[in-house]
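Presented below is the structure to which this report refers.
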Amino acid sequence: MSTMSTKKKPVTTISTCNADEIIVLDKDLMGELIGKVSFTELTFMHIMRRKPTAGETAILDSVLVTLMEHGMTPSAIATRMVHLGSPDSLQGAVAAGLLSVGSNLVGTMEGMAKNLQEITTAEEGVEAAARRIARGFREAGKAIPGFGHPIHKPDDPRTPRLIEVAEANGASGTYIAAMRVLSKEVDAAWGRHLTVNATGAIGTVLSEIGIPWNVMRGIAVVSRAAGLVGHLCEEMREPAGAFMWNLCEHEVAYAGKKKLGGK
Amino acid sequence: MSTMSTKKKPVTTISTCNADEIIVLDKDLMGELIGKVSFTELTFMHIMRRKPTAGETAILDSVLVTLMEHGMTPSAIATRMVHLGSPDSLQGAVAAGLLSVGSNLVGTMEGMAKNLQEITTAEEGVEAAARRIARGFREAGKAIPGFGHPIHKPDDPRTPRLIEVAEANGASGTYIAAMRVLSKEVDAAWGRHLTVNATGAIGTVLSEIGIPWNVMRGIAVVSRAAGLVGHLCEEMREPAGAFMWNLCEHEVAYAGKKKLGGK
Amino acid sequence: MSTMSTKKKPVTTISTCNADEIIVLDKDLMGELIGKVSFTELTFMHIMRRKPTAGETAILDSVLVTLMEHGMTPSAIATRMVHLGSPDSLQGAVAAGLLSVGSNLVGTMEGMAKNLQEITTAEEGVEAAARRIARGFREAGKAIPGFGHPIHKPDDPRTPRLIEVAEANGASGTYIAAMRVLSKEVDAAWGRHLTVNATGAIGTVLSEIGIPWNVMRGIAVVSRAAGLVGHLCEEMREPAGAFMWNLCEHEVAYAGKKKLGGK
Amino acid sequence: MSTMSTKKKPVTTISTCNADEIIVLDKDLMGELIGKVSFTELTFMHIMRRKPTAGETAILDSVLVTLMEHGMTPSAIATRMVHLGSPDSLQGAVAAGLLSVGSNLVGTMEGMAKNLQEITTAEEGVEAAARRIARGFREAGKAIPGFGHPIHKPDDPRTPRLIEVAEANGASGTYIAAMRVLSKEVDAAWGRHLTVNATGAIGTVLSEIGIPWNVMRGIAVVSRAAGLVGHLCEEMREPAGAFMWNLCEHEVAYAGKKKLGGK
């Protein structure tokens, strides 16, 4: 039986309708939304409860475009595997891939955003807070979220582009400035240059447009959903799933104690 | 062991990268995509393998905007239920909601698109094919996909708006015309007016921009993903999940043979 | 807004409780279930609404044991991919793998069960119905569910063992007999021997214990859930996920029109 | 591109096969498993890599039976909501429900197991460690995992039954003893009696049979999978999903700023 307090009767402010009218996010769906706002604008409105400026829309689009596609990633492989078994359930294949959009690969945008939040509001000042945080991670022997990349060395090419788009579109620059200070302190603490990677840059520019850190993963989920639909389109045109299955089955060799040929 | 034929070694044309460059869908990610295309444009590119015209983008946006939000739907309820148990896994809560974007509620856009495909390519001509299809469903006692709505009577207000946006943005009109003929034949076969509903209109206008019927469900999945992130934002601000759980538990009464109070 | 008829207020007969008592499936949880029935027995009770005989339990166990594990299958790969991205969400990794337990690989047990249902109730008699069905699939150029296997030739070794267990545990034999007649007619229609495969045998023996065909997939889902938990245990001890990711990424070669090295 | 170290080529010890033989967990599937071991035994073998004793099987069964069913829980509601939209994807409906088997409701068995692990291995001795842990949670104002229940007061009736089954089946009692000491210290720290709840008891008895704390959630996932299949059986016989949807939609009232009746 429910163990949660539910004294207050909750309400919703998302949507309502009758025979002729549909209200979504305090707008008339037919008169004010369809044909008037883009998907990116409505997504911003849903999360932030207000219309974005043109600059905010451009920044959110830059993030959604950056996150959509990275080739044959774990999420794309999971989606294609599920399609092999359940070809009539496109939603299941996409859902499977989205389940991998979690703490390990995408979660670093949240960590960067939390650190920038702390730095920009610290009483000790931006530099002191950045130094404390950078040294804290380093001394604990932990990776600092949003820094470093195994392929994109010395620098992740997406980061300057994302910052450039944010600056060209009216970002105040508070979080970008804090990220730059943190980056200097990270390099000092590590004794070598670590790039701000794409998820680090995304955590920064999403902070610029006010997205709370605990919803940022949702932006990645939305963008990857479109990428995974694209992977399914390719899988239907040019199947790779069965090949990948065979490959994995063959290359991860069986090494149990009991061997075949028992007869 | 894999039971599928895998003779041909497959390839992918989606994405590749090295230290400095990232190619996505045959475009340079930094130079040609980030800050240059919207999420909706990149989604179209991923599915259709070419850039959309401004009109095609507007039509796809109108569909994504229409589908995003319908209030406390089964998918929103599922998402909020999963959030109660797994609050640290936003991706899991969204994935659960997306799993309901299936044959029963969304699938009718596919059925409409298939019927329009058949009507527009039939040797017998548009009218004869529409009549045959409408009568076929009616005589079989089956609902015809894309027609009828329990709330939006006599007509679904989203349909004329979606058609208006499509026509204002350069749709050729082939499928819209076929939909109108089918609508007339449906009314004749049923002996009363059935509205073309929103999913019917969406199946029509997505056909106008060339989206294959078996991918249309993916457009709904992408749009609903954003809506479900919005529901999680509301759930975090103004929790309704525990209330709904209690409500369902209380109102679906226990009616087993064995009763409490056995002591 | 809900479009479904909900005139009758529904009830549940599954479970209820108060401070001291918990009733599950018309039994006292503490006094009659915990320590008294096995998981397999309670699973049978949940689906069939009655206690199984010892023989029915043995047959259901034989099916659950057969389905649990087949090595590095698409579902196991999907589960391991999701674990890479979301290691803190075991439930998400298992759910992703289960999403592949669908029409393509597991669904054939349903098809076999439906055919046996038709054969055993046909007015024309078992042999005539089996012949009609076998020829129907053959003439339509379709695979007949539950027959054939790419590895286990000429015969799937699981099939005789499952039948043996069913016969040793009191199965009436109606569906087993029908399966044997169908098998003979399939060989005749195809002009060569096709083995009754494991899912074919499972569809047969689950029919013997009364499981409806449209729930059989659920038996596979339960069994695979345990297998996927086992795969996660191995993945934590001996990680293979990142290796499989690299392998797939490397072996599914990029073949887009735009190439790297553009600078 | 994969960012994970993959130097060592991994192996699997789970399963392999050829035309005539299938090996699962170092046993011959046909000769040693089907008809010879129960589902519960094979699940134990998959996780622990050895055959369970009869007592260990009985204890694992007692846990699986306890977890399977709690009526109209969030997971059951999520499963029924997904069934409304995707009735042809039983695996999707079950997967949705399983996604709620997470940190909030089930995770407390992990927390109890971790605390007992710490208590039973602490240099300071069992009592001192239990006191330190109980006071630590109390002073931090945090709920201590495995204690307290809103309905089952003063004591959860499942707990003594689970302990009784474990003791009757050869559990060494190390963790049960530690749990009792912890319970005494919790009551002292809180100044009132808090019951050891069912998940607390489950964390205890699963520790007794050696299940690692980070796999315990998997036991819940397996058991709930069967429960959710049962809910789908009831939903097909006696639909409640549409009713619950209507209820939630109606009772969570719309409270947006823009109101209907704009015409």
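In order of appearance the chains are A, B, C and D, and numbering begins at 1 in each one.
Here, contacts are C-beta pairs under 8 Å (C-beta built on N, C-alpha and C of every residue); 3 or more make two chains touch, one makes a residue touch a chain.
Bear in mind the structure is a predicted one, so any value in this text is a computation, not a measurement.
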item	value
Contact-graph separation of subunit A and subunit C, given in steps at minimum	1
Comparison of B-C and A-B (more C-beta pairs in contact)	A-B
Remotest chain, subunit B as reference, centres from CA atoms	D
Inter-centroid spacing, subunit D versus subunit B (mean Cα positions, whole Å)	35
Distance between chain centroids, defined by C-alpha means - subunit A, subunit B (Å)	23
Chain centre separation (subunit B, subunit C; CA means) in Å	29
Shared-contact residues (touching 2 or more other chains) in subunit C	1-2, 9-18, 20-21, 25, 70-72, 84, 86, 88-89, 91-92, 95-96, 99-102, 105, 151, 240, 243, 245, 249, 251-252, 254
Footprint of subunit A on subunit D - complex, ascending	1, 3, 9-18, 20-21, 23, 25-28, 70-71, 86, 88-89, 91-92, 95, 99, 105, 149-151, 251-263
Subunit B to subunit A touching residues, read off their complex	1-2, 4-6, 9-22, 24-25, 29-30, 33-35, 37-40, 42-43, 46-47, 58, 61-62, 64-66, 68-72, 84, 89-92, 94-96, 98-102, 151-153, 157-158, 161-162, 164-165, 168, 214-215, 217-219, 221-223, 225-227, 229-234, 236, 238-240, 242-243, 245-246, 249
Residue numbers on subunit A that touch subunit C, as the complex places them	1, 17, 71-75, 77-78, 81-82, 84-89, 92-93, 95-97, 99-106, 240-241, 243-245, 247-249, 251-252, 254
